[in-house]
Structures are given as structure tokens and as C-alpha cells.
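In what follows, chain A forms one complex with chain B and a second complex with chain C.
Now for the complex of A and B:
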């Protein structure tokens, strides 16, 4: 029973990790907390939903469409909202405020088009379970886990072995020096948003398919934010660890004290964690960067 | 090969360069000396496209320079910035990848092999985070990174800053070697005696203006330069 909860928590945490990593990528390069990441999740989940309904898609194409929609959406948000600010040399706080404004704006656009109601994706994942070594794991959680782990592995490969991936990591050290090496900063930033958006799109559609779809689904970005702070802001591995911790905590609390009290309890634990270890899970690495 | 005419650069109200003109001949070392705040880094950053001049023009091989830093690197002008600026969390190898950003993957592999040949120490430390290298090794990495794209011109901004005397000598030997290989060098230095002894021509910058220019060997003998920039360092 405990092991089963652990696996479930791990799976939910892996989806949060997608959010946290996307959030962290943009933070690393542009040094601001991009809450509009949440609206990217929401919009791509709705786009995935529309396609799934219209064309009776199965899970793989649905999630793929959601993922790509997320990438495109994030690039557009950067182009429309953040790039003009950057060209004028705006301060970090303006980026932050703009990102929250974009979250609200896009959320309300979803309300206008879809109403403030819940939608359910057509049933895509059989509600069966697989039993491994006496532990039964539902297919739903396995799909969440599988998609997230694959996406994170691909991302980490891409960041390590492609020129653009290395440039994004270089830009998170010093964007001007990255420019001085011959990388086009606008392109590096667009790619950062694109890749972060892919992660947002994937997590948004997975969450929509697993639970329900509602305009405020993007507010789950807060969990990604908390996870990346717990992980040590600026460190992607830390963000993944933080997100998985968060997922496991949540599942355990839901099983023990109930869904109603869970948010309060998890946030309390996270605050306590930051109180004890303000530098986050990966504190030392982040300090090296400062 | 690189010509600068009447360049004015300002940061808001501060005017950092006031009508600087300069000629950088092919395959030579041009050295720029001047006190803190004279505008040396500003001049290099204007060439690199990192700051936009208010007026004046820079031509490279007879054509105006492209507008953006990445295009300027592609055209063949790279900078080894002040304070080295290696990417601390990237490995040595990844720092070199960044130096070769404008190249194809295959070219990057080939150039890396050349750079590692030149700096065996970097090869030993290829997988190590650049932030954990010593100051001297970081400077070697910064230079190796600049060499990655096979540039025509390298701009050095105070490469000897904060290095032990022996390493400083190595750096200057390396700069001389780079010139011998046909690369044009613009060298900004506080260490005026050493810089003037490797350079062909030199410019003295004060408050954003060129106050003196000539053959480096002549400037080395010039009493004004002696007093202002070489004073008390004769033994160095």
C-alpha cells in the first residue's frame, strides 16, 4: 500500500517536474519567475482537447499536439509580451508583473471561449492496473510517469549535446558573453521558451487528461514554482527532485488527511523545508553560479 | 583590415568615447593602453557590436561591420573579454563548443582537436567545470574558446589581469604566437611595458580620446608614456 502510494506520488511529481523544469529554464536565462508558463499549460491542454474531440484522437496524438501547442504558445508569449520589454531594457520586476498579467489574461480568454466550467477529455486511458511484484499501479499513473521521464531524459540530452542546448546553459551563466561567442540572443531566448513551452504543453495535457480541464488549470504552475524553489532556483536537477518530493507528499496527505487539507499541509512542509534549507536541495551548485 | 573613424559612444549621459579613430593593419598587434575608465573596454565592445556607437563608423576589410554581435563573430572578429568570462558551470569542453558556436558540429570537433593540441592542460580537464579552473587555466580556456572559430581578428581585453607573473609571460608569448599564425590582434592592457614590447603599433587612450599613437617601440621610449604608464615598473 505504501509502495503503491509512493509510485503514484512519484508519477504526479514527475508531471510537476515538467512544469518546474520549464519554469526553471526561463528563470535561468532571463532571471524572472515566469508565471505565464501556467497559461501555456492551460491553452495547450484546451487545444489538445479540441483536437481530441474533433478527430477522436487516442492518447499519443493528443498529448503530442498539446506538447507542440505549448511550445508555439510560449514562443508567441515571449514575442508579444517579453521581447518588447527586453528590447527596452526593462527591469526584472516588469517581466515578473507582465508574466502574471499574461497568466490572468490568457486564463480569462479561455473563460470567454469555453466558459468557467469543467471539461472531461474523452476516455483515453483504460482504468486498469498493472501488478508488479505485488504492487498494483494504475495505467494512468504509468502513462504520466512514462511521458514525463521520457521528456525529461530527452530534454537533458538536448541541453547537454546540442549547440543550442549548450548555448541556453551558457546564457544562464552570462547572456552577454553567450552573445559575444556568436550566439544570437533572440534565437537562444526563443528556443528557451519553445522548450519550456513543450514541457508546459505536455504537463498541461497530461493533467487535463488525468483529471479534468478547467480554465484555471494553469494555476498548477505554482506547484512547479514551489518545486523549483525547493530544488534551489536555477538548478534543473534540483527542480526535478523538489517536484517529486512535492508529488509524493501530496499523495500521502491525500491518503491520510484527505484532499481538503492537503494543499495547506504540503505548503506548510515546503515552507518548513525552505526555513531549514533556504538554499534549496541543490544549494551549493546555485551558489557557484552567483 | 579594421578601420575605426570618429567613433562616439555614450552610456546615457556619460560619454565614453569621443571621436576615436584607429587603424588596425592585417597580421599585426595593435595595443591600446590607458587608465581605468579611459574607454578601452567600450572600444572593444563597440567593435564587437555589444554597444551601439552614437556616431562614427567601423569598417572591416573595407565593408561596414554587421549590426549584431553574432554576425560580427561570424565575420571573423572575436573578443576575449575582460575578466575571462568563461561559463563557470559548463565544462571546459562545452566552453569550447560555445567558442565554435558559429561553426558546424564537424568543424567544432576539428577545431577542438587543434585547441586541445595547443593547450594540453585543457584537454586533461575537458570534463571539468570551468569555474573550478585556476585563473591561469581560465585565461587559457578563454583564449582557446576565442580560437575555436578560426577568427581573423582577436580582441583581448586585459588578458594579464589578476595572473601571476609567470602566467602573464605565457599569455604574452601566446599572443605573439597567435599573431605569427596570421591572426590580427587588438590588445588592451594595463601592463603597458609588456604589451608595448609585443605590439607593432599602439594607441594611448585618455578620457575617451586618443592622445598618442605610433610605433609601439617608439611609445616605449616616449617620456610621457614612461611617466604615465611605465613609471616605477621599469624592472617588471
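Now for the complex of A and C:
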């Protein structure tokens, strides 16, 4: 029973980790909390749903379409909302306010086109649970875990060994210097949003498939926000650790004290944690002044 | 006629709540993602005081404001020393925790179905007087030494500290003031609509308040007042276009942020004497030097 809960917590945490990493990537480069990440999740989940319904796709193409849709959507959001602001040299607070406005706007566009109702993806996986050594594990949770781990591994490889990955890391350090060294900052930022959007699309479609689809699905982005702040903003590994801790805690609390009080318990743990370790899991502090 | 009065009353009450955000974000630059939770605390504790413990109206309202201020003190004590993101995160967590507790303690609050049977004690004159007093109060706070110290710490915390501003305590005071305003608005709201439910006070509500403040301009009380009054009233008036209205606002706000990033009114204030207006804009001019290249 405990092992089962742990696996479930790990799977939920892995999806939160995807969100947190996408959130953290943009934070690293532009130093603002990008809540529009959530709307990217929502829109890509709906696009995946549309394709899945229309062409009766199985799970792999559905999730792939969702992922790519997320990437494209995030790049468009950056082009429409953040690039003009950046060209005008706006303060960081305006990026933050723009991102929460985009979250509301895109959520509302989903409501306009799809209504305020719940949708369910068609059943995509035949067996609902498999039993390993007496522990019964939901197949969907395993899929979530597998996809997330693969995506995170690919991302970390990409950030470490490709030219664009190095450029993104350089831009996270000092975006102006990165510009002076000849990197095309516009391209770097577009790539950052694209990759963050891929993460958002993947997490959005996974969440849509395993739960239900509703316009407010993008608000799950706050889990990524919590995880990346607890992990130490600016540190992706810390964000992953924070997200998995959050997932396990949530599953544990839901099993013991029920879903209703879970937010209160999570809040208490979070404040305690910030009190004891204000620098976050990773222990590095990024100075910012939003 | 009755309908329009109630829409206006509702807008005015929400505006008082939004001014809580304006005080916090405009003076100290902090973002609270749980400001609406203070409204919930105000609404519920005042309503419970009257309905369950038979308190008179005024003590119940004062008590509810006191509870909100006390909670703000506790949260602020834990998080105002930390980075701003931690503050935003903690207020968010606080808001969701409040909502969770209100939803689960069904016996006391009515749970997700909401609390009904609250007597209708908020009158029109009370709302109007409250709004006027609150606006007068904020305006005086902003031009006082206290307010100028706050704006200074928003623009450059280190410099303000070097000049002898007690940064932590100023932030704390402003946070408590904002909480008091939002809680007061919550109490008025509960006794006006005679109904309260936890989902009226979610974090997206706090987000909406931030957006409203930025539409009018966080350096302009007049702008924030107009912005929040219009945006708090319009949803009711624009019922016929209910599906589109939020989308329209959001586009309006995005355009504003791009063309006039400091809000529609910038730092302009409606004032009775020109000198007064000039002095104030001198205080709040120069929106900082933090640029992203």
C-alpha cells in the first residue's frame, strides 16, 4: 500500500516536474514567473483532444501532437505578448502581469470555443492496472512517469551538449553578456519558450488524459510554481526534486487526511520548509527584483 | 433601478477589496496571490460573529478585520524577510489553505455550498462612506513620510535601507493595511449579498485584482480606483456579452501594458490643488531602473 502510494506520488510529482522545469527555464532566462505556461498546457491538451477524437489516435501520437502544439503555442505567446514588451525594455513586473493576463485570456478563449464543460479523452490504454510483486500500479501513472522521465533526460542532455542548450544556460547567467558574445538573444528566447512549451504540452496532455479536460486545467501551473520556488528558483534540478516532493506529499495527504484539507497541509509544510531552508532545495539564490 | 444600485454597490465593495492589492503592490511592489483570502476571512468571520455568536454588526466587522490583520502579521513575519517570490508563493498557499479550511469545516461555514442566512446589514450609505474614507486614507498614506518610504523601498530596497528605512517593518505595515482593507470589503460583501462561498475567493480573484490595479496604473490612486471600479462593475453590466467580456478585458490590458506600461493614468492624480498633484507625482515618478534587455 505504501509502495503503491509512493509510486503514485512519484508519477504525479514527475508531471509536476515537467511543469516546474518549463516554468523554471523561462524564469532563468527572463527572470519572471511565467504563469502563461499554464495556458500553454491547457491549449495543447485541447488540441491533443481534438486530434484524438477526429482521427481516433492512440496514446503516443496524441501526446506527441499535444507536445508539439505546446511548443508552437508558447513561441506564439512569446511573440505576441512578451517580445513587444522586451523590445520596449519593460520592467520585470510588467512581464509578470502580462503572463497572468495571458493565462486568463487563453483560459477564456478555451471557454469561448469549448464551453465551461468537462471533456474526457477516449480510453487509450487497455489495462488499467498492472501488478508487480504484489503492488498494483495504474498503467496511466506508469505512462506519466515514463514520459516525464524521458522528457527530463532528453532536456538535460539538450541543455548540456547542444549549442542552443549552452546558449540558454549562458543567457540564464547573464543575458546581456550572452548577447555581447554573439548569441542571437531573440532566437535563444524563442528556443527557451519552445522547449518550455514542449514540456507544457507534454504535461498538459498527460494530465488531460489521466484526469479530465476543462478550461481551468492550466491553473495546475501553480504546482510547477510551488515546486520551482521550493526547489530554489533558477535551479532546474532543485525544481525537479521539489516537484517530486510535492507530488509525494500530496498523494500522502490525500490518502491520510483527504483531498479537502490537502492544500492547507501542503501550505503548512511549505512555510515550514521555507522557514528552515529559505534558499530552497538547491541552495543557490538568484537575486531578482520583480 | 434597484438592479443598477446593487451593481454599483457590488462594484464599490469589490473596489475596496481591490484597493488592498493596490496598497500592497503600489507601495511596496509585493504581489499577493492570496489577497482575496483576506476578503474571505473578513466575510466569514464577520458573518459567523453575527449569525453564530450573536455579536452586533460593528464589533463583528472590527473583529473580522482584526483577525485578518493578525493573520497577515503571522504570514508576513515568516516571509517578508525572504525574496519576493517566496512572499507571492506563501500568500498563494495561504489563500488556498483558507479556502480548503472553509470548504471542509462544513458545520461551521456551510462548506462548498456556501454560508446562507446572513442578515442584510450593509446599507448603501455605509458602502459609499466606507469607499470615500478608504480612498482618503490611502491618499494620505501615500503622500505621508510613511508612503514615501514605502515607494522608496519599492524602487530600490538596498538604497532605502541605507537611508534608514526599516524595510521589513514598512512592508509588514503595508501588508497588514492591505489585509485590513480586503477583509473589511469582505465583511461588507457578506452582509450585502447575505451569502458567502469559498470559491468566490480563489487565487484567480487575487490575480484579477492585480490586473485591475495595473490597468489603471499602480502609481496612480485615481487610475487604480477607476480601473477597479470599472472592471468590478462591468461584468454585471456586460452580462449580454458574458462569454467575451473577460477576453476583451485581457486584450485591453495587454494593449495597455504595451503602449502605456505604467497603466492608463501613469502617475497622474485627480487632485483639488495642482501643487498637491505635482508634489505627489514627483514622489512616485521614475519607475525604477530594472530593465530586461
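One rule holds for everything that comes next: the second predicted complex is superposed on the first by the 282 of 290 C-alpha atoms of A that agree within 3 Å, B and C clash if a C-alpha of one lies under 4 Å from a C-alpha of the other, contacts with A are read in each partner's own complex, and residues count from 1 in each chain.
Note that contacts are C-beta pairs under 8 Å (C-beta built on N, C-alpha and C of every residue); 3 or more make two chains touch, one makes a residue touch a chain.
Because the structure is predicted, anything quoted here is derived from the model rather than measured.
By the document's definition of touching, neither partner reaches A:121: not chain B, not chain C.
Residue contacts after overlaying the shared chain place A:96 against chain C, while chain B stays out of touching range.
In the superposition on chain A, contact of A:178 is made with chain B only, not with chain C.
With both structures placed on the common chain, the touch criterion links A:51 to neither chain B nor chain C.
For chain A, the partner touching the most residues, choosing from chain B and chain C, is C. With both structures placed on the common chain, the touch criterion links A:166 to chain B but leaves chain C unconnected. Judged by the touch definition given at the top, the superposed model places A:141 against neither chain B nor chain C.
Chain A uses residues 176, 179, 185, 285, 288-289 to touch chain B in one structure and chain C in the other. Chain contact summary for the complex, chain B toward chain A: residues 48, 50, 68-70, 73-74, 78-79, 81, 85, 87-90, 94-95, 97-99, 101-102, 105, 108, 129, 131, 145, 149.
On the side of chain A, the complex with chain C involves touching residues 30-31, 33, 35, 81, 84-86, 88-98, 100-105, 108-109, 111-112, 175-176, 179, 185, 219, 222, 225-226, 229-230, 233, 258, 260-264, 266-268, 270-271, 274-275, 278, 285, 288-290. Only residues 163, 166-167, 169-170, 172-174, 176-185, 285, 288-289 of chain A touch chain B when the two sit together in their complex.
Chain C meets chain A in the complex at residues 29, 31, 78-79, 81-86, 88-90, 92-94, 96-97, 99-101, 103-104, 157, 203-204, 207-208, 210-211, 214, 243-244, 246-247, 250-251, 253-254, 257-258, 261, 287-288, 290-293.
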